[in-house]
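Below you'll find the structures, each written out as structure tokens.
Across the two complexes that follow, chain A remains constant while its partner is chain B and subsequently chain C.
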Partner chain A sequence: MFLLTGASLLLVLIMGIGLYMKSAPIFEDHSLWDLLSASEWKPFKNRFGFFPFIMGTVWVTGIALALALPLSLLTAVFLTEYSRAWVKRWFYPALDILAALPSVIYGVWGSLLIVPWISERMAPHFVEFSSGYTVLAGGIVLSVMILPLLVSLFVEIFSTVPQELRDASQALGATRWQTTKKVVIRRSLPGIFAAVVLAVSRALGETIAVLMVCGNLSQIPHSVFDACYPIPALIANNYGEMLSLPLYEAALMFAAMILFVVVLLFNLLSRVILYRLKKS
Partner chain B sequence: MKSKYIEEIIVKILMALSLLAVVGFAAGIVYTVFHRGWSCITWEMVSSLPGGGFYIGKEGGFLNAIVGSVYIVAASTFLGLLVSIPVVFYLNVFLKSDSKFAYVARLAYDVLFGIPSIVYGAFAFSLMIWLGLRTSLLGGILVTTLLIIPILIRSMDEVAKTFPRDLLDASYSLGATRLETMGVVLRQIMPGIATATLLSVGRAIGDAAGVMFTAGFSDSIPTSFSQPAATLPLSIFFQLSAPQAEVQNRAYAAALVLTAIVLVISLAGRFIMHRFSKNKI
Partner chain C sequence: MLSDFFKRHVRFSVIEPDMDDLLHKEQAFAPDVKFRHPDAGARLEVRHLDLSIGTQQILKDISLQIPENKITCIIGPSGCGKSTLLKSFNRLIDSVDGVCMRGSITLGEQDILRSDGADLIDVRRRIGLVPQRPCPLPMSIYDNVAYGCRIHGIRGRRQLDAVVEHYLNEVGLWDEVKERLRESATGLSIGQQQRLCLARSLAVEPEFILADEATSALDPQSSKTVEDLFVKLKEHYSIIMVTHTLRQALRIADYVVFIYMGEIIETGNAGQVFHHPQHELTRNYLSGVFS
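Here is the complex of A and B:
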């Protein structure tokens, strides 16, 4: 039993080392800074610039967070501070469904509904032409995907705030919203931060859904109506052909390593904060 | 009216709207997939293998993907339970509740849970190349097992943590060994094991990025562990990227099948949690 527990701990280490060793060949030709900041992606000419992919990931994740954060905060506040028990009973299955749906289904939904909506309804107001397979589509789909995680984390965090504090605030004549704003949310700030970091790291690694709606052009997006190419999509799209070129595999493994390192750090940070909150 | 009351009303309206939006998203996605899939699905699609010219719109179905998914999910859930149940016992029965090791282990499982499946897939793929293996059913099973172990452990652990330590002491004081005491624990965390299993089945069946590298894809049902296997999510993805409407329609039908399976699993999980948590001490 000890061995099994220990072995699964080692998995984190082994994955890190394995990914590093596999991506090591690319560091012989290119410096780390070169790889991250160059914007030309031409594997056949030995040019590996990850900047467009990093920007694509950042844009999509940023939009997803900007959309999901207010929605999930308001929902969680309503569930913990305002609602009666029966509302929760009827509402949680909706969260369950959102959390359970596989990412490929989100991709299908995105390409059936969101992509045409953007290209036909939304984009014509702002730009001349957009295929719909855009940063915005990826952001919207991702925001719905991280909603259930955010809401359930927020609900958990808000319920660690002692009831006496709320009572004290309301006894002084504060309304519920004032209490929420000045007591509950203020006290939960570290937790909210941790939840957001966790949701961001979930969004960073999402593959199939963004692959299906983002357009996958290796360019730096200049507006939300441009196509982009997030890192996970890059790995997934090129796995078949990566063996034909010597450095291609190393480059893709390097992409996987970027994801691994960022997600690992984000997760460690947010989990440690959440553990502390639960203890106190 | 004082401004604080006006603010209260505005916020309440915003909250109601966001609640509606969340429910709307859930209902909307399920409706879209069912509505689109229902008009395409036929019995032939779910009961036959891809025929010749399947990907240019000729006859056939995606039974290969359904069976492949079932194989991978069943085997990996079994393997995952085999590993994770002992770990949960170790964390909760053998270690003290303030153990440093248990803290680090829980942290590691949470982190592993957060690592995207594409990274698991890429890592496992490079490992397989190194070992000289080709994409196969076995590879898909192994990577899916790795993917669900953290979910299994952490969700069972959450239930096991609430297990009253007094019950352990009572069992020990009657002269039971640790091994015998596990029986007591097992009975108490049974609903936890059931929900954890359903949760991980739901995740395993929907995962595409991990098996894309490792299980590959095939038009026939694998007869041995070394053959590549198709999976439902990948089958949806590949068919949807085809230009022909007939092929895309089959993708929508497959999406309907996958969504139905996942919904049943998720509802069953909630039901079990309700039903069996009543008998808990």
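Here is the complex of A and C:
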């Protein structure tokens, strides 16, 4: 048992080392800083700038979180603090179904509904032309994908707050909303933070759905109506055609390593903060 | 700036001469003056209360009048509805799904069962609660005591400082915690936490205090401290206490209500109920035939 547990940890380490070994050739020609900060992506001219992809990932994830966080927080508050038992009985299975849908379905839904909606209805109010395959489309689709995950995590976290605490607050004359704000959410903050990190990790790595709606142009997005090219989409789109160029393969492995390291760091950071919060 | 709470309640302060002063200057909260409700001294009365949860009837035809400035102990075997009755007084029972209540509970002119919104908040401010297990809110010692005041709109720093100091003194906790008011309340010992909960309830100036087996989770020493506090506090507050410990009831109760299977079997002064019980069931319960 111990060996198996150790082996699964070792697997992560081996993956990390493997990715590094595979991406090593690219460091012979380019410095790490160059790779991360350069904006030009021309593999056939030996120019590998990852900045547009990093920015694409950051934009899409940021928008997804900005949309999903308030919505999921309020939904979870409603479900745990306000709703009646029969609402919960209906809503929880529905959430599970949403969470279990394959991401390609979200991608199809995004390209059939969200992309045309942005292109025809929303973008004309702000910019001259937008294809609809944009940062915003990616953000919306991703936010819908992480919403059920966030809601179910928040519901679970809020349910662990003892009823006595709510009673103590309400017995002093606090309203339900005051109790939620000042007691339930406050007490749940470390958990909320951990849930957000988990959702962000998932959003960072999500591939197929964003690939289908983001436009996949290697440019730095300047507005939500620009196309972008997040890192996972870059890897998935180009993995088949890179065999002819050894450096191209190294570059894509490097992209994978960026994702790997960022997600790993994110999780570590959340552990440290959680630990500190608990301690204080 | 005077808070809404201050304005609302100070106007009706029972001590008249300070009124103008208090209204026109922002004076530190003066806890020796009772900023009580206009209806202070109102009677808490239950009439023909039936309470059921789902299909199960928990309380049957309860009629009761809570005596003022006394400790009323509600006794009875487990599951007889004591805590449910207690939670009906401040309507915390609402958080249980499927509760249905008939009859009335009145606090002066106010019908508690039909109160809603602001009225219910007012009822809850007037009837404080000390929980069964100490449950400090997830904040500092200072913020725990100030919580209720802030909820009711008191924001002045000096005023809050005075409230916190006064009520921590009242429960004998000030000297123990004055150096660490900003630290988390969960760092206190269980006994201290329970006294903090009592201070938190007192800080909104209730007229009644509900205590649901408030000493059951405490060690004997802390339990004694809290008991002594209740005896001291009854000078200003009417205390309604649910207890499992007959000895405790014997020590501190002035008035006793015995409930069995959701019905009131006997009520009366403590001496009378304990020494000359009128009802067979009371006699059996007191002599330990069932518990």
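What we mean here is this: the second predicted complex is superposed on the first by the 264 of 280 C-alpha atoms of A that agree within 3 Å, B and C clash if a C-alpha of one lies under 4 Å from a C-alpha of the other, contacts with A are read in each partner's own complex, and residues count from 1 in each chain.
Here, a residue touches a chain if its C-beta (ideal position, glycine included) is under 8 Å from a C-beta of that chain, and two chains touch if they have at least 3 such contacts.
The structure presented is a predicted model; accordingly, all values stated were derived computationally and were not measured.
J.: Clash or fit: what happens to chain B and chain C when chain A is overlaid?
T.: Fit.
J.: Of the two partners chain B and chain C, indicate the one touching more residues belonging to chain A.
T.: B
J.: Does chain B (first) or chain C (second) touch A:104, or do both, or does neither?
T.: first
J.: Please indicate which partner A:220 is in contact with in the superposed arrangement: first for chain B, second for chain C, both, or neither.
T.: neither
J.: Per the contact definition in the header, classify A:262: touching chain B only (first), chain C only (second), both, or neither.
T.: Touch partners of A:262: none, neither chain B nor chain C.
J.: Kindly classify A:96 by the partners it touches after superposition: chain B alone (first), chain C alone (second), both, or neither?
T.: The first partner, chain B, only.
J.: So, A:178: does it touch chain B (first), chain C (second), both, or neither?
T.: In the superposition, A:178 touches chain B and chain C alike.
J.: Scan A:163 for contacts with chain B and chain C and give back first, second, both or neither.
T.: After superposition on chain A, A:163 lies in contact with chain C alone.
J.: Does the superposition put A:205 against chain B (first), chain C (second), both, or neither?
T.: The answer is first: A:205 touches chain B but not chain C.
J.: Taking the superposition on A as described, I'd like to know which of chain B and chain C A:38 touches: first, second, both or neither.
T.: Touch partners of A:38: none, neither chain B nor chain C.
J.: Can you give the closest approach of chain B to chain C, taken over C-alpha atoms and in whole Å, for the superposition?
T.: 7
J.: Please report the chain A residues shared by its interface with chain B and its interface with chain C.
T.: Residues 174-175, 178, which sit in both footprints.
J.: Over in the complex, which chain B residues touch chain A? Could you list them?
T.: Checking each residue of chain B against chain A gives 4-5, 7-8, 11-12, 14-19, 21-23, 25-30, 32-33, 36, 83, 86-87, 89-91, 94, 101, 103-112, 114-120, 122-123, 125-127, 129, 146, 149-150, 153, 202, 205-209, 212-213, 233-234, 236-237, 240, 251-252, 255, 258-259, 262-263, 265-267, 269-270.
J.: Mind listing the chain A positions that touch chain B in their complex?
T.: It is residues 1-2, 4-5, 8-9, 11-12, 15, 18-19, 22, 70-72, 74-75, 77-78, 82, 91-109, 111-113, 144, 147, 151, 174-178, 198, 201-202, 204-208, 211-212, 232, 235-236, 239, 243, 249, 252-253, 256, 259-260, 263-264, 266-268, 271-272, 275 of chain A that touch chain B.
J.: Provide the residue numbers of chain C that touch chain A in the complex, in ascending order.
T.: Against chain A, chain C makes touches at 90, 92, 95, 97, 121-122, 124-125, 128-129, 131-133, 135, 137-139, 147-148, 151-152, 184, 197, 200-201, 204, 210.
J.: Quick one: which bits of chain A touch chain C in the complex? Just the residue numbers, please.
T.: The touching residues are 84-85, 162-175, 178, 182-183, 186-187, 280.
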